[in-house]
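These are the structures, in structure tokens.
There are two complexes below, and they share subunit A, which is joined by subunit B in the first and by subunit C in the second.
And then the complex of A and B:
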């Protein structure tokens, strides 16, 4: 038992409740949000790996209890997990830590840009962080689903809290689409529970792989459950056909909120992808389905991004497309490819946050994100413009940034797995991403400033510049020392395989 | 140049002439090339199942692509925020997943 593990979920939930309670006291909520924002990544960093059992005990097989009757010690009951188990691994540590950094920087930029902070908005951000942290750690499928639904509602709330045009309509659409994706996922989980007799993921993995998948009677049910959970995963991650609504919600959120939203989607994707890989990884269908949908996401994401004239929508589509690289890692199914995919996930989390906040400064200055109405903004803050450009390079996979390392690893993994076509598609998508950034950078910063362009603010808040600078430094550090992330992830993936 | 002119004309049909500039055209052409090359490369993956099937599918795709140019514009109009279209593709995806699993016998 590790008593620190639940604090990673409990502290942001308590903070969220306090922020809602003191929502009218501007100074108090700013102080609470800032302090908890700092505590979260530190807490994740100092917490040791291990297990925590909620509402139960560890499996009897680990308890060294002697003299148990044979109907327990010689049956499956001896190994079952009776408690809701949280498993804090190197994978969850890396992802929750990076999410903590993104949340802190987003909150920091928000608190310093807005004169009056919104308690309900900060409540949503911290509840969302707690939800995705719980999903990353939970070894209980139903517990994961509960937090998945909370995260979906939080995302809707964050859009409603935005000041963007048509935000209510987008939030409503997301909820309606969610009313298909969410219940389908729950149905898949319920079927799995019905045939496996447990919601603990470790138990399900053992039961499915040792007996259910081999029996001709139960194999179709496992396949059906996989299909439903896979569909729910597409919704949770924003893969096609949900890429349009996902990119829509990113573009309707405030820049700081969009950076948190994409982090929430990414952590949900990773949490469910790992679970699906553990349970269904041995099905022939699994790798093919994940590869197909990942390629579709990459191609659709980048080809839609390249045609946009709204730069927030551009980044939103790119963000969805970049998730395809993470999916490729799981689809190829080797230790190296999954490590590469997860490393790409970390990089995307950082780079997309950088771009949402960095380009959010343009919205802050001009109150528009239409590239046709923008131009010449490099004169407002050269350092911010250069950092955004470098962030774009990191996303496109230009050396020496982190994106280059992870994309190179994925391309290498595809070649090693006998799929050179996938390597070529990945390279094409990276080139197109580079093209999108050059086009957007020219439109926003370099082309002559339109005469009718009006400024609502004259300068960019320093907090935004600071947040973007920190994220860029992380990009460079991970580009130069990828082992900081890949070594702990590879160790864990080796254990899973 | 014929293809380029056809392309520009379909762009003009889609967007108003006043808002058509080199950024739109270059973006649309880039999207078109990415889509065509990615679809054909993805079809090549079928060689892991059957080489003959791959050849047939690629020939069919080439015919479909060249009879439906420009694809990017058509795809772009399908990928808007319309609730009807989102629901349609959502149900289609669910249908495909369930069908493949039910009848595929994989």
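And then the complex of A and C:
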């Protein structure tokens, strides 16, 4: 039992409630948000690995209770988990820590850029952080579903809270799709409950892999359940056919919010991908379906990014394409490939946040994200422009940045698994990403400034420059020392396999 | 026999609710009817989960003083689905509330509940330019 583990979820929830309570007191909410923003990554870092059984209800086999009836002690009931269990592993630690950093920097940039902070907006950010942290740690499928739904509501709330045009329409569209995707995911979980008798993931993995997947009677039911959960996963992650609405969500949000939103989608993707891999990883269908959808995401993401004239939407589509690399790791299904995919996930979390905040500075200056109306912005802040360019290089996979390391690992994993075609697609997508980004960079920063371009602010807030600089440093550090992330993840994945 | 039929009927009802809900959510243009359809899907899934815990001739899963534990284990309904559905209903209610609030705001803006009118009023709604 590790009592620190639930604090990673409880503290942001309490902070969110306090922020909502003191929503009208600008100074108080700024102080609370700043302090909790710092505490979250530190708390994640100092918390030790382990399990937490809510209510202290651990499996009976661990409790040493004597005199139990034979229908418990002599059956599988003896090993079942009776309560919600959180499992804090190296994977959870790395992802929640990085999410904490992104949330802190986004909040920091927001608090210093806006004269008046919004309590409800900060409430949504912290609730969202709590939701995805819980998903990363939970060993209970239903608990994951609850936080999945909360995260979906939070994402809608963030869009509603933004000042973008058509934000209500986008929010409604997302809710309608979510109201189909959510119950379908729940139905998949319910079917697993029906055949396994538990919603604890470890229990389900044991029961499915030892008997249900082998029996001709139950195998089709397991496959059906996989199909339903897979559908919910596509919706939550923004994989095709949901890439358009997901990109729309990112582009409608404020830059600080978009960086948090993409982090939420990414952590949801990873959490459910790991669970699906544990439960359904032995099905050939799992690998085939994940590979197919990942390649579709990569190709569609980058090809739709090419057509965009709104740079926020362009980054959104590029980030969907990058998600495909994460999926590839799971689809290939080896220890090396999954480690590479997860490493790519971390890198994408950092790089996309960097680009959303960095290019958000352009919106702050000009109040537009249309590349046709922009130009010559390098003169406003050269250092920011260079950092954004380097962030784009990191996303495209240019050495020595982190994106290069993870993409190289994925390409290597595809070759090792006997899929040279996938390696070729991955390389082509990376090259296309590079060109899309350079074209956008030229349009925004280098081409002559249009005469009708008006500025609503003259300078970029230092907090934004600081946030982007920190994220860029992380990109470089992870590019030079990838072992900081890959070693603990590889160890855990080895255990899962 | 009656118990088996009850469970089967409830499962069929759950299936019907999900299919009708999907039909309404995808094909009906009126926003309120679409939201009702989405609610049907949610409730269909809830009913399905409730059915999982059903036990023919079973008792309420509350262990009372004086009960024999072996008898209780064999005769009580499975309580886990009931606990899950309770949470699921709360989530469904929250989602419904947000969707209805959005419907009100959009009705004031467009003077119509036609989803196609609301969502396709501009070509770039969620699509590339």
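Just so it is clear, the second predicted complex is superposed on the first by the 488 of 497 C-alpha atoms of A that agree within 3 Å, B and C clash if a C-alpha of one lies under 4 Å from a C-alpha of the other, contacts with A are read in each partner's own complex, and residues count from 1 in each chain.
Please note the rule applied: a residue touches a chain if its C-beta (ideal position, glycine included) is under 8 Å from a C-beta of that chain, and two chains touch if they have at least 3 such contacts.
Just so it is clear, the structure is predicted and the values come from calculations on it, not from any experiment.
In the superposed model, A:156 makes contact with subunit C only, not with subunit B. When the shared chain is aligned, subunit B and subunit C each come close enough to touch A:244.
In the superposition on chain A, A:122 makes contact with neither subunit B nor subunit C. Of the two partner chains, subunit C is the only one touched by A:168; subunit B is not. Of the two partner chains placed by the overlay, neither subunit B nor subunit C lies in contact with A:398.
Touch criterion met: A:183 reaches subunit C, while subunit B stays clear of it.
Of the two partner chains placed by superposition, A:257 touches none, neither subunit B nor subunit C.
Touch criterion met: A:193 reaches subunit C, while subunit B stays clear of it.
Shared-chain residue A:16: touches no atom of subunit B or subunit C. Applying the stated touch rule to the two superposed structures, the overlap between the subunit B and subunit C interfaces on subunit A comprises residues 170, 173, 176, 180, 184, 244-245, 248, 304, 307-309.
By the touch criterion given at the top, residues 69, 71-72, 142, 146, 149-150, 153, 156-157, 160, 166, 168-173, 175-176, 178-180, 182-184, 186-187, 190, 193-194, 197-199, 244-245, 248, 304, 307-310, 313 of subunit A touch subunit C in their complex.
Residues 19, 21, 23-24, 26-28, 30-31, 34-35, 37-39, 41-42, 44-45, 48, 72, 75-76, 79-81, 83, 85-87, 89-94, 97-98, 100-102, 104, 106 of subunit B are the ones touching subunit A in the complex. If you check the complex, the residues on subunit C that touch subunit A are 18, 22, 25, 31, 34, 38, 41-42, 44-45, 48-49, 52, 69-70, 73-74, 78, 80-81, 84, 87-88, 91, 94-95, 98-99, 102-103, 105-106, 109, 115, 118-119, 121-122, 125-129.
Per the touch definition, subunit A reaches subunit B in the complex via residues 170, 173, 176-177, 180-181, 184, 223-224, 226-227, 230-231, 234, 240-245, 248, 283-285, 289, 291-292, 295, 298-300, 302-304, 306-309, 371-372, 418-419, 421-422, 424-425, 428-429, 432, 435, 439, 443.
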